[in-house]
Amino acid sequence: MSGFVASLITLGFLAQVLRIAIPYVLAALGGTLSERAGVIDLALEAKLLMGAFAAAVLGYETGSIAIGIAGAAAAGVAVAAIQAFWSVRLGADQVVTGIALNLGAFGFTRYLLGVRYGQGANSPRFDGVGTGVLTNPISWIAAALVALVVVGLGQTRLGLRVRAVGERPDAVAAAGVSVARVRWLAVLIGGALAGVGGAQLSLPVDGFVAEASGGRGYVALAAVIMSGWRPGRAALWCLAFGLADAVQYRMQTHGVGLPAELTRLLPYVLALVLLAAWPRRVAPPRALGQPD
Amino acid sequence: MTGRARTIHLAVVALLATMAVGSVLMIVAGASPLHAWGQLLRQTLGERQGFGQVLFRATPLVFTGLAVAVPLRAGLFNIGGEGQLTAAALACAVVAAALPPGLPAPLAVLIATAVAFLAGAVVGAATGAMRIYRGAHEVIVAIGLNAIIAGVALWLGNRSLFVGESTRTATIPAAAQLPELGLAGSSASVSALGALGVAALVAWLLARTRVGFTWRMTGQGLDAARAAGLPVDRARVWAMTVAGGLAGLAGAHFVLGHKHAYEDGLGRGVGFLGIAVALLAQGQAMAIIGAALVFGVLGQGGLAISSDVPKEMVDVLQAVVVLVAAASLGRRKR
Amino acid sequence: MTAPALRVRASRRFGDCVALADAALEVAAGTVHALCGENGAGKSTLMRVVYGLERADAGVLELGERVDLARHDVAGAQARGVGMVHQHGMLVPTLTLADNAALGHEPVRGGRYDRAAAARALVAAAARLGQRLDPDALAGELTVGEQQRAELAMVAARATRLLILDEPTALLAPREVDALFAMVRAFAAGGGAVVLVTHKLDEVLAVADEVTVLRGGRTVASWSAEVTAAEIARAMIGGEPPPPATRPPPPRPDAAIGLAIDGLVVPGPRGGGVVDVTLRVAAGEVVGVAGVEGNGQRELALAIAGLAPVARGAVAVGGVDVTRAKVAARRARGLAHVPEDRHRHGLVQGASVADNVALGRLGEVGRGALIDRAAVAALTAQLIAAHDVRPADPSARVDALSGGNQQKLVVARELDRPGLRAVLAVHPTRGVDLAASARIHARLRDVAAAGAAVLLIAADLDELLALCHRVVVMYRGALVGELTGAALAAPDARARLGAWMVGATP
């Protein structure tokens, strides 16, 4: 027990928390952008998964980490493009669209693994970015993106338009700004962020495993909601989920407390309890989920 | 468009999209679409055993499809079928195995089925209550509960319920086992008939009863239904409760009609597939039977051609159907 | 003669519904032009076409020069000096006034949006209209009147050629209307053109130089000289207007109290809501609640209906306290509710007429756990016939009905039922054509005459003065004045009510 507690106050533990939190953080930032523009982002799971898949497969096939990360962003954008076409252009039901994309990404990644490598469980292993935090380019990209999204949403022309379009799209249209264009941009940028977050699920562990996203997209969306759709706070909530995840790994390795089957559930339990109990003073974007 | 015309229109578009995307996936995998579709259909609809397997696969999809359809009509989305099914199947297997010997078969089946329904209903009620009384998004809650229930079930199994080193509970007594239909050695059991009956019951509930009316009005116009004095909050929690029970019946189907025990991973994916079934049927209870058969054919046929095309193709096609339904659920609903 | 500031002809269909059928309008520079018509006549659609918010299927547009309608958009309209203030306002509530003003024209410095520059520009624009406003105030925290003034400043700062005002007086007290019209005249005197979209004829006569009337998407009349209200009204309706509403007979002096509100406090958004309201409506009495929108009327109505939680005080229907009762219990006690927003609270838009009848009358058509479909059909047929709901098809979807017919259906379901004790009617004729309005007024009169207590919340003083035995004024959540009997019939009644609406003390 004392070994377990001691292991929590080490630099290594801090690095583990950050490493685990990165996919949550990037997905939540992407989700914040999309939802502030009025598009419900239940497709975060698909973006993480496709990002993880693209990073590992492209990294393995080309031997380039940079191409892997760029491919992850592109995969996230690809999912986001379908989402935007459905939500913005067709005016589809956004909850159902997101779930369709999540279900599709699970099948599609396994299908592609099967076609390319003859089995649907995982991609071939290769030298990824390792488990260090400072040596991992994704850490630095993530840190830069947090700052960029916070400043971008609050202090740029596009940010102002994104915030406006999620509340009163009719007012934005009346001001002579294309609602569809702003929404497309927000959803696509959000997709790129979540896709890069996905890369963190495969590159540090040297390969892609089927269902690597493991529900993180939904937890990230919970963080977005609890943050009141504010990117800085959403990132902080994601650190909390990363902490919960890291603690449960340590509990498993030190054999502390509950059995492994139950400690694994810690982030989910935390998300559910917080969703139910955390007081929400900020209303969601008024046009969230409305086609136009 | 009238409701019926719209349902047919959606089904046609969804099937065309499914065939198109499926053909592309076949070509990418190096198979000839013509040959692969031919095989897929021949080995499902073209022979008795294959058709029996289609019925076997469609049966739980009717239950999980209804479990999505009822809340959908009431304005909620139930993506918790996986957890509801798992909780129900485990409860059903444990209770059935503990039934006193000598209990007449109909009574044993009835008790085990009721337990499954109740266990699923409890999970559904929790999801609904979290949404209605705590304002937590039902999709996130249900995904969380799915994971939690899967973990708890595995823990309970490993701790005390699984037999020996297996991941399987004790076999239930013969009295609680549902007989097979005897379709050329297929796994189809009389639970298929149960599925038909339950679908008809839900259709009647929606069309003729006060609670069904309340669900429909709540789903189409929450504020107007509330202003007219309908108990919209209670009705929505009940919709999720009943939905959980319906998904639980799918668990009972696997335990009583097929595995005769609970196994780790039992019925995995069937809860999610229910979403595609319900959406393809536009939430219409009787149309769900047809939609479930479509996915029964795709699932069984996908297995039949899995040497040529990865069987996950079916998961992608399921998403295609849901996507098409999402587009038709959006603007036109208003 | 110089070219007109605006010349437009346009046609537009939405599905099966013809919104504009070659509607035409010509507005000279330096004039105020009133565009009149009933609800649904196409006034707003035509103006949205001019402003680039709505596509026209066919037509011609000139704004000083010929404009290609197929490629016309808001940015193009703004570039040609057109500005529009919309009926329901177009401010993003979560942004500041400066952010709202900048939207679409954001000043940028060093790659970032220059918020300070936007604020300076807005303050300067408001100052030119003689207004002072706080550019850092969140739009959603202002009253609707303040929002509208701010929006006018934003729009007027950019509009040089043409200013379009769509029903600008709906949210204003009479005094505020005078100030608005002074500003409109000043804008026209400076050489700009103004289109005033309205259905209020006294406003037309007070401020407009020219008048155009639309009916059913067509231009049916246009005057540039003197015209009477009666002529305009006949053109709008295409016939003789229905006779004005009449008051029901006064309640008996010993009449019981049908609806009692005691010390009611209902929290509202941004500290608004109902502060302290006590009001009694006798059986057979019609009491009107006047006031500028946003002074607590909505919260008052929702609390009586059982749709908003009450902080303090009590509501009683027919002598029975229902303060904590559910909606269904209130209805069973004999309370009827014609809600402010019939789309949201009145009818289930995607459901059939019959389902919507059953919705409010489950007590009569329910048989235990089941619903008696024959009873639903009989009741629906009876209500459709008695209230002239068109189309007379019980299976028609409600959203296929016109606004007037939807409202007739709500009124039929709510008022045409046994055991009626109290009626809460909120803006019952808003967005409804004159013929349907007349039927609704007659129906309210009849249920009062039959002994129901009627509480009528409306913004339109004409409606209140015609129907009510007593009118109270609501201001900042409280009742600030009351006129009854002879005082209500006196010529200065309108002026006194109007003064109370903006906070004058009696």
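Labels A, B and C are assigned to the chains in the order they are written; within every chain, residues are numbered from 1.
Keep in mind that, in the parts below, a contact is a pair of C-beta atoms (placed from the backbone, for glycine too) under 8 Å apart; a residue touches a chain by one contact, two chains touch by 3 or more.
From a predicted model like this one, the values you see are computed outputs, not experimental measurements.
Across A-C and A-B, it is A-B that has more C-beta pairs touching. Ranked by separation of Cα centres from chain A, the top chain is C.
Mean C-alpha position of chain B lies 47 Å from that of chain C. Distance between chain centres (mean CA atoms), chain A to chain C: 44 Å. Distance from the chain A centre to the chain B centre is 28 Å, each centre being the mean of its Cα atoms. Within chain A, no positions touching two or more other chains are listed.
In chain B, the positions touching at least two other chains are 333.
Among all residues of chain C, none touch two or more other chains.
Touching chain C in their complex are the following residues of chain A: 151, 155-157, 159-161, 163-164, 167-168, 170-177, 286.
By the touch criterion stated above, chain B contacts chain C in their complex at residues 208-211, 213, 216-217, 220-221, 223-231, 333-334. For chain A in complex with chain B, the touching residues are 42, 82, 86, 90-97, 99-101, 103-108, 110-111, 113-115, 120, 215, 218-219, 221-222, 225, 259, 261-262, 264-265, 268-269, 271-272, 275-277, 280, 291. Against chain B, the residues of chain C that register as touching in their complex are 305, 307, 326-328, 330-331, 337, 339, 344-351, 355-356, 358-360, 362, 366, 368-371, 373, 399. For chain B in complex with chain A, the touching residues are 25, 28-30, 77, 79, 130, 134-137, 139-141, 143-145, 147-148, 151-152, 154-155, 158-159, 272, 275-276, 279, 310, 312-316, 318-320, 322-323, 325-331, 333.
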